Each structure stands twice: as C-alpha cells, then as structure tokens.
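Here come two complexes built around chain A, the first alongside chain B, the second alongside chain C.
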Partner chain A sequence: MFSNKAHKFRPYLFLLPGLIIVACLVGYGLFSAIVESLSTPENEGDFYYYIELWQNNTFLQALGISIWVAAVSTVISILVGLYLTRTMVRLFRKDHWKFLAWLPMLIPHFVAAYLVFLLFSPSGWVSSMFYQLGWIGSIGEFPVMVNDPFYLGVIFTYIWKEIPFVILMLLPVYQEMDLRYEDVSRTLGGSKWTVFKTVEFPWVWPVSIEVFLILFVFILGAFEVPALLGVTYPKMLPVLAYDWFYQAAWVNRPLAQAMMVCLSIVSLFAAILILTFSRRWRKKWTVRREEI
Partner chain B sequence: MNENRKRVLLQGLFLLLFAIMFVIPIFFMFAKSISFGWQWPNLSPSGIDIRAWEVAFRDPRIYQSLINTVVIGGAVVIFNFLIATPAAYSLSRYEFKGKTMIESLLILPILVPVLAVAMGLHIPMIRLGLTDNLSGVILIHLLPTLPYAIRVLKAGFDRLNNDWEEQGAVLGARRATVFWTVIIPLMAPSIRSAALLVFVISLSQYVLTAIIGGGRVSTLPMIYYPFFSSADEAVIASFTVMFALLPVLFLILFETVCRSYLKILKKP
Partner chain C sequence: MKVENLAISYNGMTVFSDLNVELEKGKIMSLVGPSGCGKTTFLRCISGLTSPTSGTIQLNGCDITKTKPEERPVVLMFQQPLLFPHMTILQNVTYGLKYGKRKLKKKEREEKGLAILEKVDLGSHGERYPHQLSGGQQQRVALARALIVNPDLLLLDEPFSSLDPSLRSSIRLWVKDFLKNEGVTALFVTHDREEAMIIGDEIAVMKDGSFQQTGAPEEVYQNPKSSTVAEMFSEGVHFEESFLPANQLTIRPVSNLKVSDTETIRAVIQYKVYKYGHSFYHLHVPSLKQNVVVSSSQLFNDGDHVDLTYLRSSVQPFHNEQSTIYFTDKARQSR
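Right, the complex of A and B next:
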C-alpha cells in the first residue's frame, strides 16, 4: 500500500527540482519585472510607463525592425531546413550525416555573427572577390550588408545558425514517418505537391509551427547578434531595452521592464495558442490514422 | 544503376554545399587569425604571423575569463544533469495528472525572453547576494539551458527500450544498479548531445552574464564584445577561433570521461 502511494508521487518528486528552478526564476523574474514596470512617478496615473512606451517613436521603430528580422529569418530558415531535411532523408538512408547538422550548432551565435562580418562587410572577403572579378571598382561600391538599417547581416547570421536547428527538429518527424504512403499516393497518380500535402504535411505542420514559435520568440528577445551587427537607429528591441536598463541613473528602467513585459505577454499568448493548436492537430491525425 | 549514380552525385553535391556553408568559413576565420597584411582587396594573406595569438594570450584578463567560462559552463552542465535527468525520466516513463501542464511549464524559459526574466531578477538577486559572483551567473545560465537538456534527455529515454530495464530488474538488480549500469550507458548519445548543447549555450551568453555578473564576472564573451569594435581584425579572429575550439575540447574531455566510465563498468 505504502509503496503504491510512493509510486504515485514519484513522477512529481522527480519533476520537483526542475519545476522549482523554473518557477522561481521565470515566475519571480516576471513578477518583479511587472511590479517595477507598474511603478509610477509622482503625479502620474496608472500604467504610466506603458503609455509612455507605446507613444515612444524609438520603441515603435525598434518593434518594426525586430518583427521584420524575426519573421524573415524564421520563415527562410524553416523553408530551407524543411527542404534540406526531406531531401537528405531520402538521399542518405543512414543517419551518419546527422553530425553534420550538429557541427554548426556548436558555434555560438556571436561567432556566427563575426563570420558574417568577415565575409560580407564592405572590407570583407566577398567584397574583395567582387573587386578582383571587376564587378566593383572601389570599396564604397559594395552594398552595405552588415550594420545596415535593414539588418541583413543579422538576418544572414540567424539563417545560418537556425537552419541546422530546424533540420535537427524535423529529422525525427521524417524518421518516424511511413514513407510508403508516398508510394501509395504516387501510384494513385498524385503529383509531387499532392504527395507532400497528403503524406508529409500532416506530420510536418505541427512541428514546423512549434519551431516557428521557438525561433521567432528567440530572435525577438535575443541580444547577442544585433548588438554586434545592428545599427544605432533603429535598434532591435533587446538592444534598446538593455540601453534603457542601464541608461542615466536607472531612470528608464521601468520603461525597459514595461517593454519586456509586453514582449513576454505576447510570446506567452502566442505559445498557448500554437501549442494548443498543434496538440489538437496531432490528436486529430492520430485518430484518423487509426481509423485507416 | 543509373539511379544509383545520380544518388551518389547528389550526395556529393550536398556535402559540398555543406562544406561551403559551414566548414570553409571556420577555416577562413582560422586563417585570418594567423595572417598578416590581409587587407581589402586581397583574396589571401601576404604572410603568416602568430602575433594575434600572442596578443590574445598576453592579455591577463583572458586567462581569468577562460577559467571563469569553463567553470561556469562545467557547473551549468552538471546542474542541468542533476535536475533534468529525473525530470526527463519522469516525463518519459510515467503517466500522471497534469503532465501536459508540467511539460509546458518546463519549456517556459525558451518561450519567455530571457532578458525580461534577467531584468526582473536583477534587484532580487542583488538582495540575495547572487549578483557579481559565479554562483548567480551559474544559476541564471540554467534558464536558457534547462528546457533543452530536458527535451534532449526525454527524447533519449523515449527511444530507450523499456525491456532492458525490466530484464535487469528480473535478474534481481536494484533500481540504482539498473540505472547506473544499464540506463546510463545506453543513454550515452543523448547525454553527450545534451552536455554539448548546454555547454555551448552557456558559452554563448553575453547579456545574462553582463546583467547578473554585473561586470565583475568576466567570461570570454565579456571581453569579446568590446574587442569586436576594435580595429585589430587578427586578434578578434584568434578570439573567435578560441570560442569555436572550446566546445571541441569539451567534447573530447567528455568523451574521455564516458569511455573510462564504461571501461570501469566492464571490469567485474
């Protein structure tokens, strides 16, 4: 009887340390950020810093550029990663090549940023090559792709780093998938697109959308790459928040906290939405598969 | 036959693409660090020079930072295993109430911007005396690493066949013995992936270390960022190569430990 009871609590016991760490750090961190951001200077109304924030032009510009960078990098990474995964799964029957995708994972983000800088800055290697080929006549003619207002350098860096991540996330899906359905679809006269839509898509879709969420939220909140390859105006959100956090005797701190709280709320809502959706989708499809 | 040849050709093409995208830039960076007079528009350096490495190693700050980085990374890996292994085991092997909920809670740190959490924790951690020292930095580095450690280890447990454990148990082994002699060796690939991933994530942290370390805890990224805007390209390149080498060294060390553990196990 006792052992049975102990057995019942064991899974929770095993999870306890992790839950405590996450709850303390994330829970308390967010709580105290919210408290600080809700503080109001004298003679001002509630939500003062939130109202300030959403009227601040610097912030709005930063929001725009952050969404641009996150959306473009994430979509391109997922499309290229998906294409590479499905080709490689068919091309290499064994997964010895998996370590190839692991290799770039070992490179820290700012090292990747430096590589992009070395290759694509106006004095970089690609520019030198263009000169040697006679495509440009001087250093000034090379298009600015690093520390540029469109954040192309940052986007390159993220794409370079995240494609392997996408591959590693999608790979198990493809390995689990029964590719014989593909033959079925093809013999029944399905075009390439029909085959993809009916065989792979139901499996790939929920994982892709989760990967999209993880990457999008990560890029919105990551400081390391835009701090190196960004420009002073407009800054990306985390860089701006960090600036405000340490600026002028901490007066802008609540503003930085308000920005981060907004970002967290949006991220959490998106997460709840997407995770619920992908769970439902999976459930629906497993049921259908069992019916077959 | 023809189909087969086409396949080999495509495989070669893929590997080539991979090399161009990922391997060559790293070699390029290494070349940069030992080159001299490599200026626009030269496609290759005019000579070899290890001055940059000398500069990098003569800097007294770098030695301390290197040690800090490795100590923090190592500690973060160890704590991750202590926390993530039971959690992953539980998520993989048991069915219980609130499992989905708990699983979602545990991935929260990758769904909430870490910067938000670090900014919120700054003042509480000052009060607790956890800023400006290694322990606070180690604690905060658990944040971006723990969800990945749990995920990778859970996938490992999922793949592991339950039969081996049952066989061990049937043969009369105690739970702990089964764990150390059956599960751990079979989990080696996942353990390696998790350790490496966690180490690299910890190595890549700038902003968390900057906020919680308060500028007192100097890790390699702390020196790297100010250096980046300096003009000496070769020195930055040598720094960067160091970053790329650390995970490799870590992997070698880890592999040695794993091998010796397995060897000890095999001895009766």
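Right, the complex of A and C next:
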C-alpha cells in the first residue's frame, strides 16, 4: 500500500497532529513573545528590553534564587534517587515496590506543594505535633520552612517529586548493568567505592547528566510550586514573569516576554545538549558492549 | 591452600558440605563436575565473593575465611573475559594495580602492564579497546589482568567455555604452559574431561556438592573409585561394584562360544568415527544402560548387535573412600 518513500515519511505523518498543536500553541506563543520583546520604545536599540532585563536587579535576584533552587533540588534528587536505585534494584523488580516508589509522580506538583504547605508551614501539622509533644514552646519556635527566603519548602517539594523520576530513569540502567563486573573489580582488589567508580559510574553518569539537564530546566521554568511556597522577594523566574505579565500597567510585559524568550533559549539549548549527549553515549557504549 | 569442612547453603538448600582440600604451592588442580554441582560456588567461596556457612579457608598458613575479597591474595577469572568496555586493553590489564593495597604509580603500572601484555603476545594491543579483540585475545587479556597482581592463588572458572572448539584447544595448552612457567598455584574449574587432564597436575571430581575422587589425571582415569567417577571421568563400563576400562573390551560378532576366563556383554553399534588413525565404535549396552567407545580394526555396521568380551581379571573393584581429600604429595604417599 505504501511505497518505500511513503514508509519513510509515515512516522512524521503520525507525529503531525502533535507537531501541529505544539507549533500552533507553543510556536505562536514564542513567536508573539519574541515580537513583543523586540518591540522597542522610540529612540532605543533593537534589544532594549533584553539589555534592560539583564540590568534589572529584581531579575538578577530571581535568576540567582532560581538557579539555587534548581541546582540544589536537582543534585539532591539525583543523589538520593541514585542511592535508592542502587540499594533497592533487586526490590524494584517487584511491581508493587516500583509502584510505591513512583507514586509521588502521579501527584501534581501543585498538590505536592500544597501538601508540603500543610505539613511544614508554621501552623502546619508538623509544627502542631511538635508543640503537642512539648518539643517546642510555641508554634512560632518552629523553623520557617515554607515561604522562606531560601526556598526550602520549594526545594523539599521538588526533591520529593523528582526522586521517583530519577529512579524511573536510572532503574533500567541498573537492571541492564552487568553485575559480574562488580565481582571482577572486587577480586582484583577494588573496594566498594572502586566498584561504584569503575563499574557503576560509567554506566550511570550519562543518564544522570540527562536527568540533571531535564530536571534543572524544568525547575527553572516551573511556576506552581514557587508561586505557592515562595516569598515575595526574591521571586523565582516564572513567578516574576507572571507578575510582570499581569501587572496592571502592562509596562513590564515586554520584559516578561524577554525573560520567557531567554528561558526558552536555555531550554532549547539544554534539549540539544541532552540529545547530543545521549547520541554520543549510545554510539560509544552500546556498540562496544554488544561486541564484547 | 587448605580448605577444611567448607559448607554453604542458601535458604536451607545445601550446595555443598564438608569439603576438604589441600593444594601445594605451584600446582594446578582441575575441578571437574557437571553443571550445578557447586564448582562455581566453591570458587566464589575461596575468592571471598560468597561467604561460606561454615568451615575455614587457609592460604599460606593464614586463615582468610573472613577476609574481604579485595584483601585476599586470590584472583578469580570468569567464564567470560568481562573486560571493562570503556577501558583500553592496557587500562584493563593494569586495573588491579590502580586501586587498593596493590596500588602502583601510573608509570610503574603501565610498565608492568606492557610487560605482561608482551608475555601474552598482545604487546601491540595496549591502546585498543576490548571490542577490537577476538574472543581468545580477550581471554588472554583477562588472564594477564588476573596475573598482574601476582596472586598467591588463581581461580579459573571455565575460562574457555565461551570460545569456539579450535581456539579452545590451542589456548588451553598455551595457558597451561604460561601458568607453569610463572609457577602459579591455580584451581581450574571445567566440565570438560580432556581439558581437566591437559591443565591439571591433579584432578578432583565433584558431584552433588562433594568431592568424589582426587588424584593424578591418569590415576583417576584408570582407577575410578566409584561408579559416579567412572561415569564422569573414565572410559569404560561400570557395574555396581566394579569398573571395566574401555581398552580391555574387544568387539566380536555375536556368538555363543564361551572362552575360559572371559566374559561377554551384548551391545549395539550406534555409529563409527575415525580419530587418530583408528576407527572407534560408539556402542550402547542395553543391559547396563550405558554407552561406551571401543576401538576396533574389524568392520561393523551401524545397528549391528555385537559381543563385548573382556578378561575377568581386568575388572577392577571400586575402593570407595569418599572422605577427606588431600593434594599434597606427602598426603598421597601416606594413603
């Protein structure tokens, strides 16, 4: 029915509905953001709002706190996820354990943030429990963990939500890993740390880098958790963008658009990096492994 | 190496119990046995990768039963070469000198690596990656990687089983010479009788988690001490309490003629092969439910019913003594 040429185009045909939606919604949004961010006031250069943005103290503070939250949440998620995966890889062969580990993924980020708020806010369940147990004299003594300037509540929410994702990504790596290399390493004098460094790490790190990029960029651009658990100053980038976008006078709209364009460029760049990285990894590892 | 009363069981299932072995320095022992008899588990116990349930393992007079695998002067070589795919051949070979107590400086490490690669005839392959080498070359690299750390005991777990037959027969001779030249004490596991005989100074026949018999290859081959050993390691037919070597059997056409001092058993020719300039008949003995290979210059056809005749005096009774097994010459003499 299909000629060879048609066969070649079939996958694209099947992807077309999805691509059209992405192109229309995201593409148009991005296009209008670019147009608006480049619509400079009279007597100013083309990139006026971009220069303005990168000199804006509020933006720079937001960028700083966003990088802090994204980096800390991502690194801790990966480390904890890696530890859980390697210690529980045999357990995760059973579906009910896997389901339990992946359960937090089913909960939307907003709900997770709300749960963290209910648990850790100064009047939350944990502080009330501590007070009832007599561990703290008053609810005010409970450390500020939500809506705090270090974004601990946000970081905690992301860690809780992203660990299952890290496990999801790393589990196949561990299940495919040839654990006999562990025996080889140990019989040749390698300690447990050597085993990790020379046997597990080479398999795990390409995927970990991919996971890092995905999570980092996602957290950098996600709105709902910092909106609920963040503070008024400094705001995280998406919250600041929303603020500027919907401010009554609309004067900051082009700035918000410029920020979104910058974030999109970072995301795009990360996506290219991820693809290049995984392609190179596949080329370098899978071929060699198959031939041995 | 001295192993005493070694036992291991998983979830209440005994893999082996009460294993006793002593092996002299510089000797190679071949451990023969069918799959699943506990050979690999035994090696893993000695290497420290698996902990025994009870018993002790001594090496050079020191008890190493509780020593971590990385701290034992023992190296285990596996069925597959298991070279690290992301490392070059030189990096693979020098792996054991990079970490732990055998750690050396990079320069020294590489010098030793190149020297041992020369010894295994792969001196020019140091910068290559494992996938660029053939199976036999990879196994030689694995051997070099095991020997570079100068182990007091080398354990080889069917290292040639992943190679094709022609490569296998050439590499095993090479390995035997290599180990002998280096004076390595080794425990070599195989299920191939011929391979065990070629490589081992000593043979230990293992079945169902215990050693059935040990001794020099010829001794075990010629004088099996039980029907199990006869079946696994010798060639001939065995009765309940005795063994008859194949070289004592003569194939004759069926006849009712009785010759004094001889016995006859009926057999069927299954097929004939030519080897080493002789014809060998594969026969089935229905009364014993056994197969045997006998050489004959007479011509028979597949499916022929024949008589296998033998002198009564050539039947060897089993002297079953399945207990402690020692491999030192001294111990053998005292037996």
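Simple rule for what comes next: the second predicted complex is superposed on the first by the 255 of 292 C-alpha atoms of A that agree within 3 Å, B and C clash if a C-alpha of one lies under 4 Å from a C-alpha of the other, contacts with A are read in each partner's own complex, and residues count from 1 in each chain.
Heads up, the rule we're going with is that a residue touches a chain if its C-beta (ideal position, glycine included) is under 8 Å from a C-beta of that chain, and two chains touch if they have at least 3 such contacts.
In this text the structure is predicted, and so the values were computed from the model without any measurement.
Colleague: Tell me the contact category for A:Phe31 with respect to chain B and chain C: first, second, both or neither.
Modeller: First partner only, chain B.
Colleague: Tell me which touches more residues of chain A here: chain C or chain B.
Modeller: Answer, by number of touched residues of chain A: B.
Colleague: Under the stated touch criterion, which partner chain does A:Pro17 make contact with: chain B (first), chain C (second), both, or neither?
Modeller: Only chain B is touched by A:Pro17; chain C is not.
Colleague: Let me test your reading of the model: by the given contact rule, A:Thr194 touches which partner, first (chain B), second (chain C), both or neither?
Modeller: In the superposed model, A:Thr194 contacts chain C only, not chain B.
Colleague: Using the superposition on chain A described above, determine whether A:Lys235 touches chain B (first), chain C (second), both, or neither.
Modeller: A:Lys235: touches no partner chain.
Colleague: In the overlay, answer first, second, both or neither for which of chain B and chain C A:Lys161 touches.
Modeller: The answer is neither, since A:Lys161 touches no partner chain.
Colleague: Have a look at where A:Arg180 lands relative to chain B and chain C in the superposition and call it first, second, both or neither.
Modeller: So A:Arg180 only meets chain C here.
Colleague: With the touch criterion stated at the top, can you tell me which chain A residues are shared between the chain B interface and the chain C interface?
Modeller: On chain A, no residue contacts both chain B in one structure and chain C in the other.
Colleague: Under the definition above, what is the set of chain A residues touching chain C in their complex?
Modeller: 178, 180-181, 183-191, 194, 198-199, 202, 284-285, 287-289, 291-292
Colleague: Which bits of chain C are touching chain A when the two form their complex?
Modeller: 47-49, 68-71, 74-76, 78, 80-86, 95-96, 99-102, 129-131, 138, 145-146, 149
Colleague: Taking the touch rule as given, give the residues of chain B at its contact with chain A in the complex, in rising order.
Modeller: So the residues of chain B in touch with chain A come to 7, 10-11, 14-15, 18, 21-23, 25-26, 28-29, 32, 39-43, 82-84, 86-87, 89-91, 93-94, 96, 99-100, 102, 104-106, 108-121, 123-124, 139-140, 142-143, 146, 150, 155, 193, 196-197, 200, 203-207, 211, 221, 224-225, 228, 233, 236-237, 240, 243-244, 247-248.
Colleague: Could you list, by residue number, the parts of chain A that touch chain B in their complex?
Modeller: 8, 10-15, 17-19, 21-23, 25-26, 28-34, 36, 87-88, 91-92, 100, 102-111, 114-115, 118-119, 123-125, 127-129, 131-132, 139, 160, 172, 213-214, 217-218, 220-221, 223-224, 227-228, 238, 241-242, 245, 253, 256-257, 260-261, 263-264, 267-268, 271, 275, 279
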